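In what comes next, chain A is part of two complexes: it sits with chain B in the first one and with chain C in the second one.
After this line comes the complex of A and B, so read on.
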């Protein structure tokens, strides 16, 4: 069967566009999350027709399929389950059209997030959602996960920046969801598709909204000796009516790891730091800088540093955006959660989260979008230590339960994917899950599009024979 | 327990697979394939080490396609020592026979062996062959695309003015193998600049020619170690060792790791890139403004490995109008012998670099500045006018008499 699939793919897309060498398959067995799957074959389309042909071929042979961009996802969304065909969109990486007057662009899914902002920079524009992986992640992947980023506090996440998507549906037909008009009539299928994590089809062309660059930007580094004070400051800033462009927190350990990499002058002895970015017209920004500085000092900040120039600002951001990657300086593996809690609960939840890690004898650190209350508790460990996985899972479940009890949700921006799938019942009732299942079924009745993701087993029709995560899939 | 590649497991697990290296990898940028990315190569090494996949031709090709520019190392937040891992993998591959049709052709490997073992390490043989090449160039038998620079008989005939093996000199100028044969003019310029600030430089004594960088890259570590010991013996004492080839400088700076001795580490600590050393001796103040525009290209082993690239700007910033490329210092595809070993990839990578250089203003009249012979030849073969920072500095030297600052 595999040989026939490969032959069909080669026939449709050209020789060497589809492969199944064991080594190459191994490289597509996981994304930046921790769980590995196994692919049956991998193919490299160059345009939408190739994607449609790949999906059609997979259907013909009854093989599931999963789209993959740069593989920087943190929830296993692109991890191949049930031995699918992996459809890699990285070679579809052209910016097709930039409409400066209307501030929008059509791009292919493999365009890197930062490359898009660079391509439109000469026009004084940028693409606002900026995940920490923005230098490496693709717009297609951003659409699939409805990705966020530090600057989504004021600008909104990916869904607010996608106008239309051309997709190959799971039945290999094509459709345009959404449109360039401000409010496309009919059901908002674009809104349904953004964040569907590849379970409703594959984006082949995306229309994105572009933002004008702000006239003035100031970035502040607030330095605290108590994490409670930092958390209280976050809530106080928003309560005071200031809406920063970004409001990020890093705790002591992650700050040190990051500083070892960038040398941006992050205080190594701080218990927590806040990175606050304020933008807009010069006068308003100046007032906001003063307000935030006063609030920070009133809440026990040791120091407020304003980045003197663009180079210093970039270096501070490089530190924040390298945080996950810098983890191996502490331990070789990490398990990352993405829970969101109400800002007013930050102090209480953070205390609880650290206490859980202590009780499970695990190292935990936090680097997160504080302004959104989007926590990223990171449990770092060495998977080679026997029995550590059980503790990591226990701590993870307890942390999420605590966040949800405080009125939060289990994923802010990384998606549910594989890693958070079985935690969905913590948040949704069986009826809620069944409704979501019926929505996915409408797009993909045969369950071939990125199977075993997002919804836990039993939420959809036609799941007979679906396997749980196999033993040994955890690395 | 021995593993197929014998790599350090702690170095291997340091990669958390975040993917932040991908856009900084020249081969990934032109292929967009995981197997041609740093993360993919590390995962491949892991898979082979764990016995999950066989050590076959696909793996060998994945390793051979790496330029070893180490752009990924500079981009890695976790500081994965990719260069060491790749050198280790290459060394393991060099020492075991792998029968696979997809390996690079036998003829190319044989040529590589002759070049690395019998020519680069024997400076007289290299110079003799260079004369033959000069003759061939003279009758138009050497295609430009090969990247061999235009050789000049006068350069080859005239030895450098600096003494050889003089341990009383202020500094050593490491002259290397190919650089001395094909780019002796750069050494002359470097000596002129050093002379202008009153530095008395000596050439290495006997054996101070090939640094072994290409041998390390090809996995020939034992040969590289022999060469390293020879180079160390050729420049005794404590005087700084000035290197005007970025690739050689990076190799010399890694001798401590290569040989694992204190003597080698002490030697490595004396190594300075030419621009770095010239700036420290006040050479920048001796240059006069030329008004000329120069596009700066950072050799990977200057930027990502030695991290000495700011010195080029410090040295030349006053004399020239410097323009930067907007490609984050991505590799040009030269990579030592890479442009010969992987011509197709090297050309795709160069095409990308050429775009960035042209965007920064490089054209027939605007010089591109590069501190490494490999990059120079590779970019010149694509039609760029390339000069070394030492040559640019020498051209801008003030003709006023100067005395060395005390």
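After this line comes the complex of A and C, so read on.
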């Protein structure tokens, strides 16, 4: 069967576009998350036609398929389950059209997030969603996960920036979802495709909105001796009606780690720092800088540092964006969580999260999108220590449960994928999940598009009688 | 009353297999296609359930009039940028029809304001979709699908909406503009609206007061004017949705239709049209089609089709409909499936 599939793919896309050597397959066995799967084959389309041909071939041979961008996903979204064909979009990486006057661009799914912003920079424009992984992740992956980033606080996550998506549907036909006009007659299929993690089809071309670069940008580093004060400041800023472009928090451990790594001038003895960016027109920004500084001082900040120039501003951001590199120097392994709580609950939930890490005897750090309540508790450990995985898991589940109890949700930006699908009942009733199952079945009646993702086992029609997720697939 | 009780009560006709339609304030009944006259009319409660200003979120019953919601939010210096033509419209009605307001250029479409929906599907089953936080990717984005579904997928009971701080200052400006005022979009950072009727352009600026004045001066907008231009109103009305890059081409056609009044949202692509007779309104629709656009009927039209175009991806849309309402009981005919 595999030989026939490979032959079909080679036929449709050209020789050497599809492969199944064990070493190569191993590269595609997982994303940046922790669980591994196994692919039957991997292919590298260059055009939308190739993608349609790949999906058609997979269907003919009864093989499921999974779209993959750069594999930086953290929830196992691109991890191959049920031995699928992995369809890698990284060679579909052209920016097709930039319409400066209408402030939008058409791109192929494999364009890297940062490359898009670089391509439009000469026109004074940028693409707003800026995941910390923006140097590596693809726009297609961003669309599929509805990715966020520090600058999504004021401007919204990916869903607010996607105008249209050309897709290959799971039946191998093509469709344009959404469009360049503001509204499309009928149901917002584009809206539901965004964030569907590859289970409703494969994006082959995407129209995105671009934003004008603001003339004035100010970046502030607020330095606190108590993390509670920092969290209270976040709530106070939002409550005061200031909507920063970005509002990020780093706790004591991560601030020290980052400072040792990049020397951005972060205070090594702070209990927490906030990185606040305000942008817009000169007077409004000045008023906001004053308001944020006053609020910070009123909530016990030790110091407010306003970046004096662009170089200093870049340095402050370099610190934030190097957080993951810095961690690698502390412990060999880390597990990054993602959950959201209402902003008014930040103080309480943070306390609880640190208590959980203590009780599980784990080192935990937090570097996160505080402005929208999007926590990223990060557990660092050494996987070689016996029994540590069990503790990491226990802490993770307890943290998520605490967030949901505080009125939060399971994921703010990484998605559900494989990692959290069995936790979905924490948030949704069986009726809620059954409805979502029927919805995805409407797109993919045969359950061939990225199986075993998003919904817990048993939620879909197509999966009846199929292989379950293997136990102990953690590596 | 509790959500569950309300869901049970409202779901009774569905359990009996009756066709149903939600009636809010009735301000949007003529938008799109009419449903069956024999439908059982459902009423959804009104009122604010919870409001946490510091979270910038509000939970409301779908039957709440937009005006009432805005009044409560304004007390805390906030709003949800819904802006319906008639503020007595209910929140559920505006969301179900998916009609964005004229400040979409800055604030985005209504679908960006909906965070969570509690609703009953066509089988009278209560479900929740989305989540209460401002950022959330847990599960499929069902709330977006319900926006603009005209009540054919679910009966929305409660919604959690994203609020925004009210702007510190705002001002309308009016300038003469026989040509498409595309330059205004780039002359300002984030204007809230640029409206154009073929003669004049109106610009709404929001933000810091000094910034407004400075931007207005730089863009040569003159002094602020008292009020927004009224949306064109008449017995026969519609809204055209056009690729904003095609607005100039569309304007040429609309100008040629005598008796047609129109107001375009520059940079967005929504064009509000109104006429005293149905023929003129339908001429606007023809002009729209020639530019690859479409027109939603909002009022009048003498029995014309509400959408004037087949839905894209009809098979898929029908399967989505069946996932929510397999018996086709919710507002049959409202959307041309």
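Assume the second predicted complex is superposed on the first by the 467 of 475 C-alpha atoms of A that agree within 3 Å, B and C clash if a C-alpha of one lies under 4 Å from a C-alpha of the other, contacts with A are read in each partner's own complex, and residues count from 1 in each chain.
Please note the rule applied: contacts are C-beta pairs under 8 Å (C-beta built on N, C-alpha and C of every residue); 3 or more make two chains touch, one makes a residue touch a chain.
Being a predicted model, the structure only gives us computed values, none of them experimental.
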Chain B versus chain C as contact partner of A:215, first or second or both or neither: second
Chain B versus chain C as contact partner of A:133, first or second or both or neither: first
Which of chain B and chain C A:325 touches, first, second, both or neither: first
Chain B versus chain C as contact partner of A:269, first or second or both or neither: neither
Contacts of A:390 with chain B and chain C, given as first, second, both or neither: neither
Partner contacting more residues of chain A (chain B vs chain C): C
Which of chain B and chain C A:372 touches, first, second, both or neither: second
Which superposed partner A:22 touches (first chain B, second chain C, both, neither): first
Where chain A meets both chain C and chain B, residue numbers: none
Chain A residues touching chain C - in the complex, by the definition given at the top: 99, 101-102, 145-146, 148, 152, 156-157, 159-160, 169, 175-177, 179-189, 191-192, 194-196, 212, 214-215, 235, 238-239, 241-243, 280-284, 287, 340-344, 369, 372-374, 407-416, 420, 424, 427-429, 431-433, 435-436, 438-443, 445, 454-455
Touching residues (chain side chain C, partner chain A) in the complex: 52-57, 77-78, 98, 100, 104, 108-109, 111-112, 121, 125-129, 131-142, 144-145, 147-149, 153, 164-166, 168, 182, 186, 189-190, 207-211, 214-215, 241-245, 265, 267-270, 292-294, 296, 307, 309, 311-313, 316-317, 319-324, 335
Residue numbers on chain A that touch chain B, as the complex places them: 21-24, 26-28, 30-32, 44, 70-72, 88, 90-91, 93, 110, 112, 114-115, 118, 133, 135-137, 258, 260-261, 322-329, 332-334, 382, 384
List of chain B residues in touch with chain A within their complex: 13-23, 32-35, 39-40, 43-44, 47-48, 52-54, 56, 58-59, 62, 76-80, 326
